[in-house]
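In the part that follows, the structures are each spelled out as structure tokens.
Look at the two complexes coming up: subunit A is in both, with subunit B in one and subunit C in the other.
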Partner chain A sequence: MISTIVQQILNSFVLGSVYALITIGITMIYGTLRILHIANAGVYVAGAYTGLLFYLLTHNFLLAVIGAMFFCGLIGLAIERFIYRPMIPLPRAVALIASVGLFIFMSDLARILAGPLQRPFPLDLGQRVNIGEISLSRIDILIYVFTFIIFAILWFIMNKTKIGYAIRAISQDLDASKIMGINVERSIQFVFFIGSAISAVGGILVAILYNAVYPSMGDVFSYKALALIVIGGFGSLLGAVLAGLLLGLTETFITTYTHVPLSREGIAMFFLIVLILFRPAGLFGKE
Partner chain B sequence: MNQFLFKNKIEGIGITEKEKGGVAMKIFKKLLVLSLVGTILLLGTVPIGFTAEKEPIKIGIFGPHTGRFADMGTQALKGAQFAIKEVNAQGGIDGRQIKLYEYDDRGDRKEAVSVARKMIEQDKVAAVIAGSVSLTNIAAAPVINSLKIPMVASFSNALNIVKDHPYCFRWCSVGDVQGYVMAHHAVKEKGFKNFALFIQDEEYGRGIGNGMEVGLEKFGGKIVYKALYSPGEKEFRSHLTHIKSLNPDAVFISGFAASNVTIAIQGHDLGVFPKAQFYGACSLSGVDWFSSVGKKGNGAIGILEFLTGYDPYTKKLAEEWEREFKINYVTHETGLTYDATRLLLDAIKRGGTNSDKIVKALMETKGFKNIGGVVVEYTELREPMLPIAIGSYDDDKKNFNLIKYVQDKSLIDPRPWYQYYK
Partner chain C sequence: MFSEYTLTILIFVGAWIIAGLGFNIISGYAGQFHLGTAVYMGVGAYTSALLTTRFGFPFWTALPVALIFSAIMGFITGLPALRVKEDFLVVITIGISFVFESLLIYLPYFGGPVGIGGIPMPKLFGTSVSKEIYLLMVFAMVIICVALNYKLINSWIGLAWESIREDEMVTSILGIDTRKFKLYAFIIGATYCGCGGVLYAHYMTYITPYDFGFLPSIYIVVMVVFGGIGTIRGTLFGAIFMTMMPELFRFISEYRNSIYGLLLVFMMLFEPQGILGDRSYIWDKIYSSWKRLTARFRTNYAPINR
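Then we have the complex of A and B:
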């Protein structure tokens, strides 16, 4: 019984880690520009496809990850420069609508370029690791390791570097940051590059986890990530991570041990509604 | 005379009577020449158009060619195209070529209704092949039926597609039959007692799920766990972890191929399979299964609608298939749609393109050999009495090893299942 519960918690953390990885890009961008970057789910799809392509070309997993991160980082820069920057003076709803449109465009582009069918990610990581009755697949371990490394680096950047200070300042007050001489443009570009590169990692890891890359793989994550940034508190990085883990745990235990007739997505949305009613700023956001 | 002429010239229109007659003659001659040239041109062109090319017979097909169910719709389309190519290569039907109108319903119910209307009202198709999933076919079938155009659902198993729709036929088994045969095989032939069930929560999955539950109750199996999930779901580890602790003999899955793949892989990683026997329905022979499951799918038992390569007819067909599509497996969507298209064209050949005559010819189908090499006939409910192929998956062969064909009518008859859908 205890081993089953431990196994379920580990399953939840795999899910939660994936959720955190795909939410972090949206959270960082919301924190700086106050734009709900739904198209990040499109970047996540692009990450899975480019990761697969680089892997098929090189047969080297690390090269595939680095290549996809760089490529998606460039996509992020292009989105910031050509889509969002001209919209900064306009109401934020305009950027949100553009973002939704861009996400649909990116998913369709993936379908046109790669075809509508699901493709396997042929990375064989070997046998699962058994510790007593607990069983962990190697992709689970890979997801834990990547999530930990990425958040450690991100924490270091945000708390120990100049660019991190600049991003934090911009997230508090963009106009004041400009007056204080912070290079706002470059900081925002950095946020888009890093956020998109992290989403690419999320895309690749999910592709390996489910052995599937397909054009509509961003659909569920687009609105789940939206729920997660609300639950975590708009723009809060720690909130995004904890919300991801919390949602992973909740989904796991509710879908398995209760007779609540809700799908995983239904549970996420239910959480979202309850939170908006009782705590509009999210779990870790400030009122 | 001169005076007369002069007078006429002055009083007339400036020409003499004689000149008038000459002009009229010239005009008449010119008209005659023009008419002759026109007639020659008409005789030379129009009849050639009529005799050389008869109007093609229009057949419509709809299915999800994009979106999350694109794997199934595109596979079905291949089957229809392959069958039509064969018939056209043999000269078509009564010298008329077959033209296929292809529509993408994107796996969306509203879109399915819209394209069904479009192909009937705008393209004027003589008949429709429903190469789509159950949830969209259920939406389109009443519309197609109300427009009195014959439709053959090639691979969608939900019972309500055909029920109460006299113009709608099916060319696959009813979902419930698959679940029932699955339960019979697991309990009666393998001796399993405890079962965990994964049921995809839409028309297709629920139909198979109903057959599983009715069968398990009748044959004496015990359900220790049941989970419903949405189409397209990919995360099953929490369910599988719990299932592992319950130690069932077998896990039954009713759902699309992509979900079958993730259940097989995640279950294998958690140690649920192969300790517990994996059972899947017809979607197990979907393209996602063949391309993605790998060796973790070995030994999975499929309750399928056909298996190719087990008699000379299907062996030859499988070879032609491999040449055409460069793949060494036939998915159930492709195979069933290939059969449904051949069946429909066979009915048109016998009955013509009139709707009611096609329906009559379909009902009178005799001796039609399906892709599995089995002769199949229709029941009065426009459902085929389709034998079920039970097979065990072998990833090296990318095919199922045939365990047996179930031909026992008490197991495969679709008619008793109508009582559950009143």
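Then we have the complex of A and C:
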């Protein structure tokens, strides 16, 4: 009994860490520019496809991940430079609508370029690993390792480097940071690069987890990511990670032990709506 | 008079205009950006479809009941939206649209993923109406909706909405109950969308949950934003243009979503007011030339003493 519960928790954390990876990008961008970057889901699909492409070309998983991260980082830079930057002085709804449009465009572009069919991600890691009664697939372990590495790097950047300080200052007050001599433009570009690159990793990990890459794979996860940034409190990185893990946990337990007539994204959104009613700033956000 | 194909498109135009007006009331006038207005279309369509197929209601009694249900749905979904604004509201409304869609798919009572079929066309004097008559009905409905909308925005409610959109804080300081008027916007907007949904369902004769998911909401947004958000003429123009465009240029329909998406981005980059919105380039031209035209008559006929 205990081992099955531990097993369930470990499985749910696999999902949860993927959620956290996807949410982090949107959260960072929201924290600096206050733009709800819905189009991040498109970046995530692009990440999965370029990851698959690089993997098929090089047969080296690490190289594929790095290539996809770099490519998606560039996409993020382009989005910031050509779409969001001209809209900063305009009302907030403008950037939001543009972001929705960009998301629709990017997921449809993936369909046009790569075809509507589902493609497998042919990464074979071998046997499941058994520890006592608990069994983990090597893909789960890979996801744990990647998530851990990325969060460690991100923590280091945000807390120990100059650019991290700059980003945190910008997320507190953009104009004041400008006055203090922070290169706001470059920091925001950095945020878009890093955020998009992390989403690319999320995309690749989801692709190997379900062994499938398809144009609409971004939809479900992006909506969940939207729910998560609210649950975690807008712009709070730690909140996003914790909310991701929490959502993975609740989803797994609810779908295995109860019969709620909702799909997985339905559950996430339902919790979101209930939460907003009682705590509008999110679980970990400040009022 | 028209071919069946033209009739179908014109009826769709009518249904989308009414739904677009609903979105325009919530997001354009009251300024509460709503990304799930297709939910209200769904409520209207499903209520009317269930009543006519399962309970044998005629169309003319199912329609008001469906409108009331849509209004109730607008009230219920308006409640959480009262507590949040801007980005939070957008996420919430996306959430509502997903909960709604997945409930429709998972509950067998609503027909599951295949939806409901065999919805009858409305009957008039004992016989089912022809498509021409249905088009006339839709057309009449559009006129009623537009007229009511004009009435609304020139009344107290409309003024309160616009003032909430411009500055909610100041509006509440002026002693206007912003929560009440926001709820009104949700209820009235939802009723409009529900009406569009009913018209759509009874023409299509079968509906699925996917007709009222996230993408249809986006279509409504694209129409209204393209035409000019916050104006009735913009909504009319947007709905007509956006429904006709994929039909007029057949090669587009394959890439419909990407073109809609790109269009949204470019509109936001170069003309955030929409083609015919207030202060947009084209509308300014039309308006100033209209002013010049009328000014010429005025100088001819008006008294000179001013």
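We adopt the following convention: the second predicted complex is superposed on the first by the 287 of 287 C-alpha atoms of A that agree within 3 Å, B and C clash if a C-alpha of one lies under 4 Å from a C-alpha of the other, contacts with A are read in each partner's own complex, and residues count from 1 in each chain.
Heads up, the rule we're going with is that a contact is a pair of C-beta atoms (placed from the backbone, for glycine too) under 8 Å apart; a residue touches a chain by one contact, two chains touch by 3 or more.
Worth saying up front: this structure is predicted, and the values here are computed from it rather than measured.
In the superposition on chain A, A:Gln8 makes contact with subunit B only, while subunit C stays out of contact range. Of the two partner chains placed around the shared chain by superposition, subunit B and subunit C are both touched by A:Glu265. Shared-chain residue A:Ile273: touches subunit C; no touch with subunit B. Put subunit B and subunit C next to each other and count what each touches on subunit A; the higher total goes to C.
Of the two partner chains placed around the shared chain by superposition, subunit C is the only one that A:Leu109 touches, whereas subunit B remains out of contact. Using the contact criterion defined above for the overlaid structures, shared-chain residue A:Ala95 touches subunit C, although it does not reach subunit B.
In the superposed pair of complexes, A:Met87 makes contact with subunit C only, with no contact to subunit B.
On subunit A, the patch touched by subunit B and the patch touched by subunit C overlap at residues 219, 261, 263, 265. Of all residues in subunit B, only 65-68, 70-71, 74, 201, 227-230, 232-235, 237-239, 241-242, 244-245, 258, 261-262, 265, 269-271, 287-288, 291-292, 294 touch subunit A in the complex they form.
Listed in rising order, the residues of subunit A touching subunit C in the complex are 30, 34, 36, 83, 86-87, 90-98, 100-109, 112, 219, 223, 226-227, 229-230, 234, 261-263, 265-266, 269-270, 272-273, 276-277, 280. Across the complex, subunit B is touched by residues 1, 4, 7-8, 11-12, 14-15, 111, 116-120, 128, 130, 135, 137, 210-212, 214-216, 219-220, 251-253, 255-257, 261, 263-265 of subunit A. Listed in rising order, the residues of subunit C touching subunit A in the complex are 33, 35, 79-80, 83-84, 86-88, 90-92, 94-96, 98-99, 101-103, 105-107, 214-215, 218, 221-222, 225, 255, 257-258, 260-265, 267-269, 272.
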